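So that you can tell them apart, the chains are marked A, B, C, D and E in the order they are listed, and the count of residues begins at 1 in each.
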Amino acid sequence: MEWHEIRDPQDTELDRLAERYRLHPLHIEDCRHRDQNAKVEETRGYLFAVRMIEQARAASAGKRADEAFYRVTDGVVDTYLPVLDRFSDVIDELEDQVLDRPTPEELARIFETKRNLIMLRRVLVNTRDLATHLQRTESELIHRDLWPFLRDVYDHVARNLDLVEMQRDLLTGTLDIYLSSVANRTNQVMKVLTVLGTIALPALVISSIYGMNMKGLPWIDSPHASAIVGGVMLATTLALLGILRLMRWF
Amino acid sequence: MEWHEIRDPQDTELDRLAERYRLHPLHIEDCRHRDQNAKVEETRGYLFAVRMIEQARAASAGKRADEAFYRVTDGVVDTYLPVLDRFSDVIDELEDQVLDRPTPEELARIFETKRNLIMLRRVLVNTRDLATHLQRTESELIHRDLWPFLRDVYDHVARNLDLVEMQRDLLTGTLDIYLSSVANRTNQVMKVLTVLGTIALPALVISSIYGMNMKGLPWIDSPHASAIVGGVMLATTLALLGILRLMRWF
Amino acid sequence: MEWHEIRDPQDTELDRLAERYRLHPLHIEDCRHRDQNAKVEETRGYLFAVRMIEQARAASAGKRADEAFYRVTDGVVDTYLPVLDRFSDVIDELEDQVLDRPTPEELARIFETKRNLIMLRRVLVNTRDLATHLQRTESELIHRDLWPFLRDVYDHVARNLDLVEMQRDLLTGTLDIYLSSVANRTNQVMKVLTVLGTIALPALVISSIYGMNMKGLPWIDSPHASAIVGGVMLATTLALLGILRLMRWF
Amino acid sequence: MEWHEIRDPQDTELDRLAERYRLHPLHIEDCRHRDQNAKVEETRGYLFAVRMIEQARAASAGKRADEAFYRVTDGVVDTYLPVLDRFSDVIDELEDQVLDRPTPEELARIFETKRNLIMLRRVLVNTRDLATHLQRTESELIHRDLWPFLRDVYDHVARNLDLVEMQRDLLTGTLDIYLSSVANRTNQVMKVLTVLGTIALPALVISSIYGMNMKGLPWIDSPHASAIVGGVMLATTLALLGILRLMRWF
Amino acid sequence: MEWHEIRDPQDTELDRLAERYRLHPLHIEDCRHRDQNAKVEETRGYLFAVRMIEQARAASAGKRADEAFYRVTDGVVDTYLPVLDRFSDVIDELEDQVLDRPTPEELARIFETKRNLIMLRRVLVNTRDLATHLQRTESELIHRDLWPFLRDVYDHVARNLDLVEMQRDLLTGTLDIYLSSVANRTNQVMKVLTVLGTIALPALVISSIYGMNMKGLPWIDSPHASAIVGGVMLATTLALLGILRLMRWF
């Protein structure tokens, strides 16, 4: 088995290979184009696969070509698992923080995570389509004894995709917690403001009334005026607080 | 029929069995790996099934292998029903509490329930796929007279999944109630605050005006000054309350 | 045609019938189990159908078994129509009330209706699957001349399901109206509060200033002090109201 | 070609026709039933089509029966286009008004439009199913040379349905604009209220303090007391406004 | 290969061509109708394709008809890529601005972008359907050696559509950020208002009380009255701020 490592997509070595193995011009163009999605196409005499990673080289030394290919694909799929675990941790963390204290920083993190999940999902969907295609290819290039292994790769990708969907679902939940928490806190703030008003207003109104330069205000000439008026203020405030309590505000 | 109970996934007994029955290496790997999804695969001479529960042992003593298998699967499916009933109760309870009084604790419970439903749904989808696979398998290992029973298992799983979807729908409704209730209550709090302001402001403004160290304020020299000014305060407050009433605020 | 009416699911008559007609044990279990979904299964020599209603008895006296069966099914489907009409009325009513005045009572009614629609939808989906199954069954038990009638039943169920989906869509709209109306009203309340503040604050501030025990306040020694200060209060308030008007608040 | 125009569904002419052409009893029942969905069914010797409109009569004078039928259907489909154009205009208009000024009237219009689109979509889905059915019917009653025309009718209905889906999408956007605009405006109102408070509170607090019947207040005996205190009020207010400016509130 | 450029859809040249090549009347009608969706139809002897762009003319000089056709289609697909890149930039930009500062202008831009994406998606879905149709057409008019190129065109359209879906997903996220940010800011404004109230109310209430024309107020005759009362005001305010701090408001 030959292994050609071409790091520079402009390398003319690619043209030499194309000529030697009669590769299709579109495949060469795809190799030269960065940011290519994963795909597999079968043509006369060779399989064309995009987005294989090069650390798989060591693992596949001295193997049959299709085994090496399986190992490369399997290796790529395995690299997604720690990424998914990391996402799980981030979402758990976000959920706790957001219930406890919703800040704009958490909001930014939720959307960054969402963005990353959307990107990861796109890569995984491509990889799954590739794996489906490989399973269906009845090619001489892939020996039958590799089939259960390929089905296993497909299985792992499908499970990863399943996990990503579940995580998107949970992340949407996190955003809902965020919005509900903010709504709840605004409600709490409003209540505190109203309670403050409830405590202050009776005292303010009553003392303003007794601040008028006017004769004939009730109890004004009593020696216990301060005590009486103070009592009225306190009683009004307590009455209002009692009403709020009945309405179950706190 | 033989029944091998292996509790420790690292047990070398597993390797001996693998050798004796020529089990596929991928199946052994799946057994060693915890947190495996439910699945069934057919190979030469045996059926490989993951996530069977061990209390089914007693029930299947002295039965044919495929009957035992059916009983295990059926037992697993039946264990989901009380879980689903519990979810139904929780959602009913949440709905009532949330309409009556939306608190952050209810919010946390809604999202915990949502999370659990998402997890349960994932397990059930796996089990349904397993049941579908079993129904379609034309294997000598599963006798034809077991088919209606397997269809029955599939039926039960499908119905459970149906229930989970309905419960997710209802839970989303609970969250909507939560948000609507909070919005409603904030609205109520705002109205109370405004009514408080409506009652207090005329009195405050008028008494402040009469608190000015100034000559020439209306009625100030009248002996009935207090009564007149008090009347004006009351009239203004009542007029404002009347307007709010006309606007149907309470 | 025989008609066996068994009201008590524990009745041993059921066992006798099972024995006489060689009914499958799973079917007997389904009969004994309350809250069974609608379904139809064909076995050797008989059709097993769940959730048929007993008032159909009279209508089917003296008919062929499959005709009686059609009449029972058709009768069940027809009972859904007035239920759907009732839902339509409730949703129309809710829509009007919610736009006009969103209260927690309406909220509770929206969610109760939503819950009922979710339940009804589940029953209808089951009935539709049953009807689909009947249409596809190539059984000697159902004569060909009944086929257009069965297609007609299917047609009616499908249309009912269509209506339920449309009603869920409209109900979701009602909830959106609710939330939008509450948001709108909170906005209105805030505006009223701000307008109240706008009217009161200039008067309060100015009269407080003239309430200070201090020399040298402007116009304080003028004989027209009250008129001048009153004019300033009025002018400030009107200016603020003018600004709010420019910002199109009312 | 005969053309029978029956305006009254109870007309006995219908029964005579049924007898003469051996129409199926279910079709007669469908004719008698108002509010019937569009559908086409083929039986021995005739095609049964519901929801054809009668102004198509003139256009089809002197044509073959299937051509007349095509013209009727095509005419019906064409009548939807101006309706769809009208919806487009309404949605455009709503979008502008709602961004500019979200009122309860706009809200009511959004939901009325939504309701109408839901209804129209239901009619179009029925018509599309009818067109699909006609395309697939291999009947002697429809000549092969009409096929491209029927495909054309299907094409137009599908495109209309496409437009309705797009309009529902845009209308949902309009509702989102509404809610966002209201949230935004509430936020603006809150800011105005807070700015008002910011301007008034320092003056109120300071003048209340100097209104106390108390000796020893700072600067109280200075001849420049008014100027000093006024300056302090102004400085505090400006400082608060400066802080709000730094927090980018206006 | 002949190339007819007809700019005016009313040109009678179209009729001459129709006659010469026996084009179907419906195709001529489609050419005359502006705003036609992309589609391809095969008839005896020619392929009818709508929405091809005319700058492709130069590129296809001297080529076979099907190659020219491929080049036109490929050119059209390539023109979408810079449009999609531009959308990506706009969405990135919107996301940052909206998190930082949600204004009504950003809201208008979000909905304008959403509208454009909905339109673009519709065009792309049409183009994809066209490409699918071309791939499946087993026509003599399209030579087999063009097939991989047509599959490549399909691939590019599918990828573009994939990108549009991802961008709609991200844009919906942007709207969620907008609403969450506004809710958050309203919450912040409420807190500032409450803190302002917390600072001002104790001072206001206490100074109003000492403004009453009343004997017997505490400490009123003390020479340190001002200091004592000032201390009480300060202590109350600090106590309230401390409580808010404990409730983690700032």
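Assorted remarks:
One rule holds for everything that comes next: a contact is a pair of C-beta atoms (placed from the backbone, for glycine too) under 8 Å apart; a residue touches a chain by one contact, two chains touch by 3 or more.
Just so it is clear, the model here is predicted, and its values are computed rather than measured.
Listed by label, the chains that touch chain A and also chain E number zero. Using the contact threshold fixed earlier, the set of chains in contact with both chain C and chain D is empty. For the touching copies chain A and chain B, the fraction of interface residue numbers used by both falls below half; the interface is of the different-residue type. Simply put, chain B must spin 145° to overlay its Cα atoms on chain D, rounded in steps of 5. Here the spacing of chain C and chain E, counted between their Cα centres, is 32 Å. One simple way to say how far apart two chains are is to compare their mean CA positions; for chain D and chain E this gives 20 Å. In chain C, 179, 183, 186, 190, 193, 197, 204, 208, 211-213 are the positions where the chain touches two or more neighbouring chains simultaneously.
Interchain contacts close the chains into one ring where each touches exactly two others, per the touch definition above. By the touch criterion stated above, chain B contacts chain A in their complex at residues 24, 26, 37, 39, 101-102, 104, 107-108, 111, 114-115, 118, 122, 175, 178-179, 182-183, 185-186, 189-190, 192-193, 196-197, 199-200, 203-204, 207-208, 210-213, 220, 223-227, 229.
Chain A makes touch with chain B in their complex at residues 95, 99, 148-149, 152, 155, 159, 162, 166, 169-170, 173, 176-177, 179-181, 183-184, 186-187, 190-191, 193-194, 197-198, 201, 204-205, 208-209, 211-218, 240, 244, 248-249.
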